[in-house]
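Consider the two complexes below, in which subunit A is the common component and subunit B and subunit C are the respective partners.
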Partner chain A sequence: MKYVSEYRDKESALKYTGLIKKLVTREWSIMEVCGGQTHTIVKYGIDQLLPDSVTLIHGPGCPVCVTPIELIDQAISIAGLENVILCSFGDMLRVPGSCSDLLGVKASGGDVRMVYSPIDAIAIAAGNPEKEIVFFAVGFETTAPVTAAAVLQAEHLGLDNFSMLVSHVLVPPAIEVVLSGEDCAIQGFLAAGHVCTVMGYTEYEPIAEKYGVPIVVTGFEPLDILEGIHMCLKQLEEGRTDVENQYLRSVSREGNRTAIEIMRRVFEITDRKWRGIGRIPGSGLRLRERFARFDAGKKYEVSSHEVDEPEICISGEVLRGNKKPLECAAFGNVCTPEHPLGAPMVSAEGACAAYYRYRLARGK
Partner chain B sequence: MCLGVPGRIEEISENDDPLFVTGKVNFGGVLREVILAGIKDAKIGDWVIVHAGFALNKLNEEEASEVFDYLRQISEFGRIELEEADGISGCAEEVEID
Partner chain C sequence: MNNSRITEMICPIPLSDHPEITMAHGGGGRLMNDLIDRIMLKAFTNPILDKRHDGAAIAVGEGRLAFATDSHVITPLFFPGGDIGALSVYGTVNDLAMCGADARWLSAAFIIEEGFSMKTLWKVVLSMAEASLKTGVSIVTGDTKVVDRGKGDGIYINTAGIGIIPAGVDIAPSRIREGDAVVLSGDIGRHGIAVMAIREGIQLESTIRSDLAPLDSMAGDLLREGLDIHCMRDLTRGGLASGLNEIASMTDCSIRIEENLIPVHDEVLGACEILGFDPLYVANEGRFVVILPRENGDRAVEILRRHDNGRQAEIIGFVEKPSYADVLMISSIGSERIIDMLSGEQLPRIC
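On to the complex of A and B.
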């Protein structure tokens, strides 16, 4: 398939790893921010192809993983209400709240539906005027434009039976939290290609300068990641700390202004709690006042209280890149994709799920 | 969550409000309805990167071979050893979209 298969070419990948070996003269640690990249890395064994002196640290870039447990509990309460159809992306339905998950609500008779896009939830709302449709909106800047487009469609169609529980998060403030950590070992970053496809990368320039780290905007295929790693290592070896763009076919410095405009029209920036990490100022999106009637948090007064995670789950450490999934005592025994204790074991972008799926299966 | 899949625009629906323009996009033979509101001056034949039913951006065909250009450029500085050929698992085999 065009734009996909050619970026999985084995020979070019091996050339890249050979060149990386020639390039590095000392130990370096690089964080790939996005969980989608983590999956490519673990799936294709890219980390195992690199010289021992290069460590890849997996980042917090998994929106499902960082959605606060209180919001999941809120979604579970709303899904249990009579007359409500709750819709969200597949992974979100399996993430454990404090005592259940959304699929549990479905099993006990609730109407919980998996959708591919928030626009599907709009269609469900239009087709079921006697029901209340609630979309549980999670995602990074990549997903925010389509969520915003759904709100605008709901307004355009005059749907008053549609609302959303918004848990959108933004990447740059999380990178800053990781970098300001006390013993942060990260020397360079691969930034998430699809987040930057929308936003561009001007926001990363002051971060690279302030913390003295190179940042390379990187795509998702094996060759993209190998090139991104090579570019990042080259900067490190040369003592540069620039923002560079590996994912040229999709990303421009300014991003997609039309998509950004759609997103800004509907959302404004707010503080947000990240599961496993804590409250990060300016790291979330919420509906603007003009769209308050689509805010499920306001429409349904369900209470939620602070809850603790299962003690054994070290997902906070995993999300901050301090620990690898294999260092968790529960990994693969008490905690599995069938019975996840923490969100990183559920999501298609969670590091624990990636290790379980690709590493345990291969016996490595 | 941030998965983006490349596809080619085959059809564009008329809509007076650019916010509600949609189109049919071909993903390796499978057609899907996609919101094109984020694509300025979308044309049939354009390649776009699509996430959750929304086209995030046009793909730049000229830049598409840039990974290989970079590789060619950096390879010129010397021959590369390929002795670790057994390491990479599945790069060539797994070309399905997941």
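On to the complex of A and C.
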């Protein structure tokens, strides 16, 4: 298939692994920020193709995983209300809150619907004026502009039966949290190509400079990742700390200005708790006061209390890149995709779920 | 409240221990297999059922009969490449064909919702008649129930079938041996994507048609040519990955396949890319795998390719000695990965 198979080609993969082996003179640790990249790395065994001296560390970039448990509880409470249709993306529906998940609410008779875009939720609201439609908005900068567009559309259509629970999060503050950790071993970053397709990469330039790390904006196909790793290693070997763009076919330095503009019109920056990591200042988006009537958090007075993760779970360490899933005592026995204890096991893009699916030996 | 007390409060009710049935329990993955193991097999256990083949093989007098059943609930009732009527006949005929049986007799049970259009019912029934004519089965008994409006989804159809297993045919996962070839009858993922595209209103450049087809003539040809078939399985919910896992889990062997050898149509691949699906887990209704001695592999491919529905048949891998996983795949870039059974249903990814 065009634009896919050429990025999954064995010969080109061999070429890049050869170049990397020739280039590397010492040990290096690189973090891929995005869960989609982690998924590709583990699925295609890219880490196993690299020399032993290169370590890939998996980052916190799975928006489903890091959605705070309190917000999921809130969504679950709202979904259980009379007359409400709760809509969200597919993989959000099975993420456990403290007592249930959204698919469980559906099984108990709640009207929970999977949508592909918040715009679909708008259509449901327009078609069901007697119902209240709530969209549970999760995702990084990648999905935030479409959520913002949905708010503008709801306003344009004068819909008063549509609201949203916003849990959008931003990547750069999370990278800073990882980098400012005392025991941070990360020497270079692969930034998330889709986030940068929207935002561009100017925000990453001060981070590269402040912390002295090279950052390479990277795509999601196996060859994108191999090329991104090669570019990052080249900078490390040459002692450079620039922001470079591997994902040229999608990303420009300034990003998608229309998308950024829509996002800024609708949202403002707020502090947000990340599941497994904790509160990160300036790392979330919330609706501006002007759009407060679309805020489901204000419309429905459902309370949720602070919840902690189980003690055995090392998800915080995994999300910060300090530990690998296989180092967790709960991994694969008490913690599985059917019984997730921590954030990275709950979504298919989480590091633990990726290891469970592609790496956990369970043969005869 | 102190931390330890809050920790004690956490009860992420696991899906597999859910007090109620969820959609994932019917998704063809690990949860459905759990349900069958822990509820159905536990209550009904007997030597025939415990073999867990697509249908039951029963000795009657000198010969053997195959007996299978399948229920059909699908939205939309009509989709590109088929409808619930043809699906209900082929579903059971295919299960019988996978036992090496010649399908003969079918029962048909209808659960119809009050208010369902008589015209649509006629269309469905005609499609069943046509499918049974095509596969040489007779629908010899049936049942009809009507439920209140709102208590059904238009129409549900169950069929059960009986077929005759020719003398000398012995097909079961337990016969698989190290070194056997794994043959796939055609490209995968069409049915799941065709139905999903209609159901979810996903616009693709061209219409993907379901692969819905009877497998009896292809399976019959393989047997008539005298190939020593060890196991056959039609790939339905859960796709190729689940089918291979089900087979491997019942043997002492592992199965190793190669990604580059598995045919997937570009349109299916494109839709999977958009939705974040893996075509290995997408449903089929007219594809099956045949496992047979390595030296018969090429011959099986040749026979399957004589059929319109088998033009893309390929040897996709081999049975090997036990390994760290039941099913392994060499990826397109040459690395190795585990092909696990899906936990529940595949859900579209966020980005």
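FYI, the second predicted complex is superposed on the first by the 360 of 364 C-alpha atoms of A that agree within 3 Å, B and C clash if a C-alpha of one lies under 4 Å from a C-alpha of the other, contacts with A are read in each partner's own complex, and residues count from 1 in each chain.
Simple rule for what comes next: a residue touches a chain if its C-beta (ideal position, glycine included) is under 8 Å from a C-beta of that chain, and two chains touch if they have at least 3 such contacts.
Worth saying up front: this structure is predicted, and the values here are computed from it rather than measured.
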item: Subunit B versus subunit C as contact partner of A:H230, first or second or both or neither; value: first
item: Which superposed partner A:M114 touches (first subunit B, second subunit C, both, neither); value: second
item: First (subunit B), second (subunit C), both or neither touched by A:L360; value: second
item: Touching partner for A:T197 - first (subunit B), second (subunit C), both, neither; value: first
item: Subunit B versus subunit C as contact partner of A:P340, first or second or both or neither; value: second
item: Subunit B versus subunit C as contact partner of A:P63, first or second or both or neither; value: both
item: First (subunit B), second (subunit C), both or neither touched by A:S98; value: second
item: Subunit B versus subunit C as contact partner of A:R8, first or second or both or neither; value: both
item: First (subunit B), second (subunit C), both or neither touched by A:P145; value: first
item: Subunit B and subunit C contact sites that coincide on subunit A, given as residue numbers; value: 1-2, 4-5, 8-10, 13-14, 36, 43-46, 48-49, 63-64, 89, 91, 116, 138-140, 142-143, 194, 222-223, 348-349, 362
item: Subunit C residues touching subunit A - in the complex, by the definition given at the top; value: 1, 3, 6-7, 9-18, 20-24, 30-31, 200, 202, 252, 254, 260, 266, 269-270, 273, 275-276, 322-326, 331-338, 340, 343-344, 347-351
item: In the complex, subunit A residues that touch subunit C; value: 1-2, 4-5, 8-10, 13-14, 36, 43-46, 48-49, 63-64, 89-94, 96-101, 103-104, 106-108, 114, 116, 138-140, 142-143, 194, 222-223, 305-311, 336-341, 348-349, 356-364
item: Subunit A residues within the subunit B interface of the complex; value: 1-10, 12-19, 21-22, 34-36, 43-46, 48-49, 61-64, 89, 91, 116-120, 138-140, 142-143, 145-146, 149, 152-153, 156, 192-195, 197-198, 220, 222-224, 227, 230-231, 246, 248-251, 256, 258-259, 262, 347-349, 362
item: Residue ranges of subunit B in contact with subunit A within the complex; value: 1-4, 6, 17, 19-20, 27-28, 35, 37-40, 47, 49, 51-54, 56-57, 59-61, 63-64, 66-68, 70-71, 74-75, 78, 80-82, 84-85, 87-92, 94-95, 97
